[in-house]
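What follows is chain A paired twice: with chain B in the first complex and chain C in the second.
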Partner chain A sequence: MNKLTLEVTETQQLSPLVKRFRFEHPDGSALPLFSGGAHITVEMPEGELIRRNSYSLVSDPYDGSGYEIAVRREDTGRGGSRYMHEKVSEGDLITVSAPKNLFQLDLRAKKHILIAGGIGITPFLSQLRQLDLAQAPFELHYAARSRKEAAGLAMLPEAAHIHIHISEEGKRMDLGEILDGQPLGTHVYTCGPDGLIKAVADQAARLNWPTSSVHSEAFTAPPPGEPFEVTIASTGQKVRVKADQSLLEALEAAGIEIDYSCRGGACGRCETSVTSCEGRILHHDHWLSDDERAEQTKIMPCMSRFKGTRLELDL
Partner chain B sequence: MSMTEFSPSIESRPTYAPLTSHGAAPAIMVADAAGAAALADLAASDSSVMDKAHVVLVAPTAEGPSQIQSLRPLAVHVTPDLDAAGPMLKQLLGTARMGTQLFLAGSEGLMGHMSALATAEGLPLDAIQMEHRGTIARRMQCVHCKGITDNVTTDPFTCSHCGLTLFVRDHFSRRLGAFQGVCVDAETPGVVPDSVEIRP
Partner chain C sequence: MTFQFNEETFRGDYTYFNSPAAVQRFPFPFDQDSYMYSVNIERHPGGPKGSPFEFAFDVDEHYVSEMKDREITLAEDPMRCQSLPHMELAGWDLLELIMVSKARDYPDLFTLTRDGNQWHWINKPLGIDKKFTFLDPTTLPCGPMEYITRQAQGDFALLHEREGNLWLDAGMITSQADWSLDFDVGMNFFEWHAPVPKARKMGVFDKALKFLLAVDQEQSYRRLNWTMTVNPRLDTSPENYHKWGPEKRTITPENVGAKQFLRVELQTFWRLPRSNALAFPIRCYLCSLQDLATVPKWGRRLHRVLRDIDPDLADYKGFAVNQETIVSYLSQFDDGAPTSAGIFPD
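After this line comes the complex of A and B, so read on.
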């Protein structure tokens, strides 16, 4: 995997829970450009543990002078975002992956509608710069509970086609009004809580939108949970997964390399076959189908956990 | 005449399914003389599909327009050929709203040409319903000079633009809406296989 060691050159508290970080090459050289909606995976070493979380890039895709991310602090998470907030400061060196994109714009669209809920605003910050440069018609809808929590406000330009919906101020987002009557060839993109993604998909279906015009990104950091143990089928080795560790991270710590990309249950790269399962797989990914989940013969180690007596992986 | 069954081929080769109704949703339909029969079958399965339908007929038979009128669509637009149908379709797409259904019926040339126009306007390919009727003639792009030769029925054929002898491939460009024709005697100039009728 293509990695970059970068220097933290700026940090900024955008809201009580969200902090922005800027990374630049230590010798000032230009970084690879990316496309709107791309993310990087950030390594967070803590003791023996290396956590890796993926964050959307919020900076200009055509500006190679640095990468910027905005991290929401999840105090009930397994510690990745807390590490970013508490341990990372200006001048530190940090290892990140090269940008990858699982949420790119369909540039054939006649119009783009971007719908963000809360911290889901992040991938759209780079996309709207790309759309501006392409002079492509778009509208962005950003929903947040309160103005204080809406970290995206500081990073969004003021424009007629950028709409802010603050529910505390009684301006709830009306998806029917947003989607109804859009020109043929419009594509909609949603990033935010699962409920919002589902609500947009449902509304689009009611209006007879083709499903392939409806895009979403839901990947989040892996959830913590109860510790569990897995068995490696080829060697019989047992690997213990701590409460604040993902299965993928535990396997990596045990020297078992698995191909990965998003580390958020969206891309499908780390899909692993299960050869024996006595218990229940707690699927947290957005990759496997409902049938595949029910069969319990596949697991996405980046997100999913296990509760039971024995889980054997085909590794 | 019913729907054509094409022999299995590479993934690239488009396949077509019978048109199915989504009810009285706004619709744009494009058909040639043979494809008009597919629209009639569609309307027979659910007459409400015509309630909000604009039908573009390309080079229809003399009685074609009145046959389609009898299905009671919202409007019928008659065009002499595909070149004239293109701007008409673009105009209809340009004023249509999301939820509008697109139906194409007739030759592969018509469906390829019109679906390429529609995808360039942002409509996903899998949202376009297509049913093949009539001629199996193909719309071919010469991969060398990029010229399009319509109504190709033999393999190999002569590029109408640069004159090369081209092999009819099943490799299809969705962006261009055309099959790809490749020089058949590039390695052995002048050694050209006998020309045969293309098969479904």
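After this line comes the complex of A and C, so read on.
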């Protein structure tokens, strides 16, 4: 995992819950450029615990002078976003991964439709810059409950092809209207709550869009939950997962290396086999199929938890 | 830079040769006395000074002649270079990666001056001095991938990631070991590997695909692959099999040392920044058996490897018809002494 140690050079409250952070190289050198939709993984050390959350880059992908992310404070979360909001300030050093992209634009598209719900606007902020530079036709639709909560407004340029839907103002997003009549070869990208992603996929299916033209990004930070324990099959070692820790974080803290990338249940990299399970795996990922979930022979440690008496991992 | 560029050909009279220094730095692929298919992947660049692993894109004494050979192949068959329209950005990424690396690693041979998107590139060995606007294709004589790969040794494939797979959507392929860009362009990872015997069943490709998808920016890798070629021919494409296939039958006990070449591919893997595409350069190195045997360790080891190899692999690597002749020739260099671990000469 390639890491960069960067300095926090700017923080800005965008809305009551969302804060923007800018990171730059301490000696001013240029950071690796990236592609629209890329994210970085941010390390948040607290005591002996290291939490890692992934956040979409919201800055210009072709500008290596700094990286920017926008973090929504989740008060019921594991504490990662709260850490970012409360503990991180200008001048601090912070460790992040090199950019990675699990939500890239399909540049074959004749046109791109970007649909964002709430904080799901973040990956589109770098994408729309890439689309602008490529002079590719696109529309962006951003839905939020109220203007006050719509942190994206401060980061979006004003343009005819950028549409804001504020439900409090009676301007709800009409997916049928957005998708119907689009030219052949249009691709749609959705980021936001699961319900929105599903609604867009359903609408696209009704209009007979090929599934390869329908993209979504649903990764979120791992949820907290009740503590539980897992057993490592090869050594018999027992690892305790605290309420505000993900299984992946607990394994890392115990010195057990697991491959990962997104830490949000989307990339499949952390997939781990289960050798014995007495109880129920609480699958929170977007990777395993329904059948795989039901079998309880695989778990995605970055997101998923467990309730029961014994969970043994093939590690 | 302490080498001179060779005057040599890779076809017709085959005047290709390795200087003694080039033999010493040859990327010998066997780290032990037997060969098993394995995924021998390491980080790249990085390796002993002077080795072909030291820099991102190795430039050696064959550079100028290889670029001439590419020109001949392209003039005969322009389809050896193809790029689907959505791969142009990846082409710029590749151009940047190669220009920046070469200017950094070989400052005597290449310079790159950048002022925003106004770039000035000087390639001394090929006599090129070019000012152009980065990301503006109208300022180059051809597409960015073609432009830069006419100035870089080895084949280049650019892979587009979508639907959890990799698609061969652009490439410059003029020195391939028996595969065809024209046939494979637009195919996904599994389709373009389909002819390889057994490997699909072995799950090798599932693992390889998983590995490739996980290659991140700022984190590139390499592996060595090998095969055998009669005569130092770069263009061993299926399209031209009628030209090089029959040459396999010209091997005799008298000429095998000079005519039979070990062909090593240095494959590297790079995640490109703007396009998120994967670049897959495949650099080809050729060395005759008689030159390899000047390194005692390699003479001994090559004899043992080729003698004991799985017959299916000998067939797949294309030397089964000449295996006996090759092995009996090499036996004179094998005194039975033990060999040291690793690929480098003692």
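Note that the second predicted complex is superposed on the first by the 315 of 315 C-alpha atoms of A that agree within 3 Å, B and C clash if a C-alpha of one lies under 4 Å from a C-alpha of the other, contacts with A are read in each partner's own complex, and residues count from 1 in each chain.
To be clear about the criterion, a contact is a pair of C-beta atoms (placed from the backbone, for glycine too) under 8 Å apart; a residue touches a chain by one contact, two chains touch by 3 or more.
Note that this is a predicted model, so its numbers are computed, not measured.
Per the definitions stated earlier, placing chain B and chain C onto a shared chain A by superposition produces a clash between them.
By the touch criterion defined above, A:Arg269 lies against chain C but remains apart from chain B after alignment on the C-alpha atoms of chain A. When the two complexes are overlaid on their common chain A, residue A:Gln203 makes contact with neither chain B nor chain C. After overlaying the two complexes on the shared chain, residue contacts for A:Ser246 are found with neither chain B nor chain C.
In the superposition on chain A, contact is made by A:Ser212 with both chain B and chain C. Touch criterion met: A:Thr186 reaches chain B, while chain C stays clear of it. Of the two partner chains placed by the overlay, neither chain B nor chain C lies in contact with A:Gln127. By the touch criterion defined above, A:Arg108 reaches both chain B and chain C.
Taking chain A as the reference, the larger set of touched residues comes from C, when chain B and chain C are compared.
When both structures are laid over each other on chain A, chain C collides with chain B only at 9-17; the other stretches in 9-17, 27-35, 45-53 or 99-107 stay clear.
Touching of chain A by both chain B and chain C, each in its own complex, is seen for residues 106, 108, 212.
Taken in their complex, chain C has these residues touching chain A: 84-86, 89, 135, 161-163, 214, 216-219, 273-276.
For chain A in complex with chain C, the residues that touch the partner chain are 1-2, 32-35, 38, 61-62, 97-101, 104, 106-108, 130, 133-134, 212, 259, 261, 269. By the touch criterion given at the top, residues 22, 25, 93-94, 96-101, 119-124, 126-127 of chain B touch chain A in their complex. Only residues 106, 108-111, 179, 181-187, 207-210, 212-213 of chain A touch chain B when the two sit together in their complex.
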